[in-house]
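Each of the next two complexes has chain A plus one other chain: chain B in the first, chain C in the second.
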Partner chain A sequence: MKNLLLFAFLAFFTGISTLNAQDAGDKLLGLWEPSNGKARVKIEKIANKYYGKIVWLREPNDPQTSQPKLDKNNSDPSMRSVPLKGYRMLKDFVFADGEWNNGTIYDPESGSTYSCVIKAKNDNTLDIRGFVGVKALGRTDVWKRIQVK
Partner chain B sequence: MKVILSFCFFLLCFCFACTEPQTLTFKTPPIAMVASGPLFEGTNTAQGDFFPNIADYLKQQGLPLSSLENATLQKVSFALPDSLNSDIVGEITLQLAADQVDMQKVAVLNPVPAGQTQLTLSVAQEQKKIAALLKQNKMLLVADVNLKKDLEADWQATAVLEFLLTIKK
Partner chain C sequence: MKYTHCSLFSAIKRFGILLPWNRFALLLVFFCSVNVLQAQIPDTSATQEEDYSQYETVTFTDAGARRYCSPKIFDLSPQRFISLAWDVQTPYSSRFSLPGAYSPDLKQGNDGESATASYTGGFRFGANIPVVSRNNILWQMGANFWDTRYNFKDLKTQEGAAGLTQILDERGLRTMGINTTVFKPLGETTFLLFQGSADLSGNYTLADFQSLRYVRYSAAAIWGRRPNDRKQWGLGISRTYRVGEMNYIPVFLFNYTAPSRRWGTEILFPARAHVRRSFNPRNLLLVGYELEGQSYRIAPLSAANRSWEIRRGELRARADYQRKLSGFVWLSAQIGWRYDWSYNVDALGNDGREIFRGFSGSQTYAMLNQLGGALYFNIGVHLVSP
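== the complex of A and B ==
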């Protein structure tokens, strides 16, 4: 009986801590703006991972074509007709140990994808670090939350 | 000597023919895709789940799961309940993902032709991890649907995917 109670007690608190971890991870959800102000990215959760897609562009049209901007720098020519508005530039982030990691960030201006880790400085500021191979060899950008009225 | 050489040549040809990979086509049943309304103009996410059960499919062909060497997506088609669903969509981009496999962008249609109930998307030339996705219990289909105007109701479609499986003997 004692063992059963102990098991129930542990199961209850393990369940609560898992839920708390998920809730803490969800503070990434919302609308964010990179430091250059060129785009706004909506971060959403699909299954247990976080993804961010471009929902607004300061310059939505390509100045050369006057048409909506496309992913023209993609290494795969067959995917160059994907519009940048709606593009998932943050992919596959998992929340663990207070940060979102194992994800990638895509730079549409170069067509390059980098490993990425996200840390929250506070509820409205993110440090987004893109890197190749080792975290130390990378660049950090600060993103601000956009309050939706 | 000539006979021996000819024999060796035929033996080599036979061995080569035996090791040449075989291909199979694997077509999914219609997969329901839904973006729950109300939806706003701009980019929205439609999702669908698919349980590939590729081991069972291969078993039916008399093959073990370990024989699956590679897979590529060959064709993606979307069926819409009515043409209104295509009239209000600017573009569709389809991605595949699973718990243990990163999201892969696999197909796009830009622009979406108006007045259609059957859409065929252009499939990516560069494909990665498709076999790994098929080996998962559950595969997620994530479609980014760019709406030209607000939609009160859900946006719905059914997707059918056709894969080419490379089997090693």
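== the complex of A and C ==
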């Protein structure tokens, strides 16, 4: 009986703490706008990892084709016909120690993917640092939370 | 964490039969596990089509938030974190005058030395690291070190010559410095750009270093507009050594990318101006020119109360091919014509103070020198910025 109660309480508190950590990480969820204002990104959670997809582009159509922009700069030729709208440019972020890391950010302008770490300055501001190898060799962009009117 | 309700149930069974307390415990565990599992269920909505038109009209959640313009436009050549390049020129003729006092109006001084520079070249290192990177301000710091070595042959000297040919042949020239760039967006379409650098140039070596009072300062301040993602222009003023001696000149910034994304310009006139041909984001060609210069203190010619400085300024008309090698490593290969703008020598006070001759000053030169034109090549590898 004692063992059973102990197990139940352990399971209960483990569950609660797990949920708390997830809740803290979930403040990343929502709509965000990079500093250049060229895109809007919706961050979602899939199987405990965070992903951000492009949901709006200031210039949605390719000026050459007048068709919706494709990921034509991707180094993988098989991806060059994928529409940019809906493209997951943030991938595989895991929340730990107050930041989202182990993820990557994709720059459709150059077709390059960078290591990335995300920190929340407050509930409505993110520091998104893309870097090359070590964090010192990187650039931080500040994203602001937006909401649909 | 891949467990199921069945495995939970069997785990509980190992602790005993289902008494009323056990049922309560089971309920607790069930409640916890449902929550945990809910958090782990894949968000299938992410893969489903959604109505993107709902994101057309948005507002910042933080009422005080503002949009600021980016320092870049589409398809600019990549900014470099770390660069290592080798620069070399083909042989050319050199004529150095006898020391004296030559009016700036003169084209040529009294012959002192003439020779053929059979080798001019060396390594160039540069680094540029972001210090502050926020929406409302960007601040970068950089450092550079350039080493230029000379070999001369067929030397002919007149009596009283300064011996500059031999001095250059023995030690070459070096420049090292630090620089900073601040980009301050004022709004969605306007910005301020400030660049400053401090360079120590001369024929010093690390073992025989040059006093820091001969550091030369350059700066530029530009006000600009970025009306869209393809155009950026600005006007400003600069203090520069690009033509060898210090001068104050207006500058004009014009970066542009055509709607086709194949053509563009990268211009900071008069320092450099290039037309850009983008083959793809990993492959581009710049064609244009750059002015390059510094004021090099020559210690063996300097006396107790005089500092002799070569005002080296050259125009490099060139084609610069840049391509991504792998990851974030890029290769650049330049070929061009190096035209001698100035290689004259000024005799300055030994306190390190500069003179301002500008375009119409009458201060005399201590030597009037000429270098023949030469083909040059520059090949470098670069770690580029995200």
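We take it that the second predicted complex is superposed on the first by the 133 of 149 C-alpha atoms of A that agree within 3 Å, B and C clash if a C-alpha of one lies under 4 Å from a C-alpha of the other, contacts with A are read in each partner's own complex, and residues count from 1 in each chain.
FYI, a residue touches a chain if its C-beta (ideal position, glycine included) is under 8 Å from a C-beta of that chain, and two chains touch if they have at least 3 such contacts.
Because the structure is a prediction, the values reported are computed rather than measured.
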| item | value |
| --- | --- |
| Chain B versus chain C as contact partner of A:I46, first or second or both or neither | both |
| Chain touching more of chain A, residue-wise (chain B, chain C) | C |
| Partner chain in contact with A:K91 - chain B first, chain C second, else both or neither | first |
| Chain B versus chain C as contact partner of A:E33, first or second or both or neither | second |
| Partner chain(s) touched by A:V55 [first = chain B, second = chain C, both, neither] | both |
| First, second, both or neither for A:S78, with chain B first and chain C second | first |
| Which of chain B and chain C A:R145 touches, first, second, both or neither | second |
| Chain C-contacting residues of chain A that also contact chain B | 44, 46-48, 51, 53, 55, 75, 85-86, 88 |
| Contact footprint of chain A on chain B as seen in their complex | 42-43, 45, 47, 90-91, 93, 95, 97, 99, 102-103, 105, 108, 110, 122-126, 140, 142, 144, 146 |
| Chain A to chain B touching residues, read off their complex | 44, 46-49, 51, 53-55, 70, 75-79, 81-83, 85-88, 91-92, 104 |
| Interface residues, chain A side, partner chain C - complex | 1, 3-5, 7-9, 11-12, 14-16, 18-19, 22, 31, 33, 35-38, 40, 42, 44-48, 51, 53, 55-56, 58-59, 63-64, 73, 75, 85-86, 88, 105, 107, 109-112, 114, 122-125, 129-133, 136-142, 144-149 |
| For the chain C and chain A complex, residues of the former touching the latter | 11-12, 15-16, 19, 21-22, 24-26, 28-29, 31-33, 35-36, 39-43, 45-46, 49-50, 52, 54-62, 65, 67-70, 74-75, 78, 81-82, 129-130, 133-135, 188, 229, 259-261, 280-282, 327-328, 383-386 |
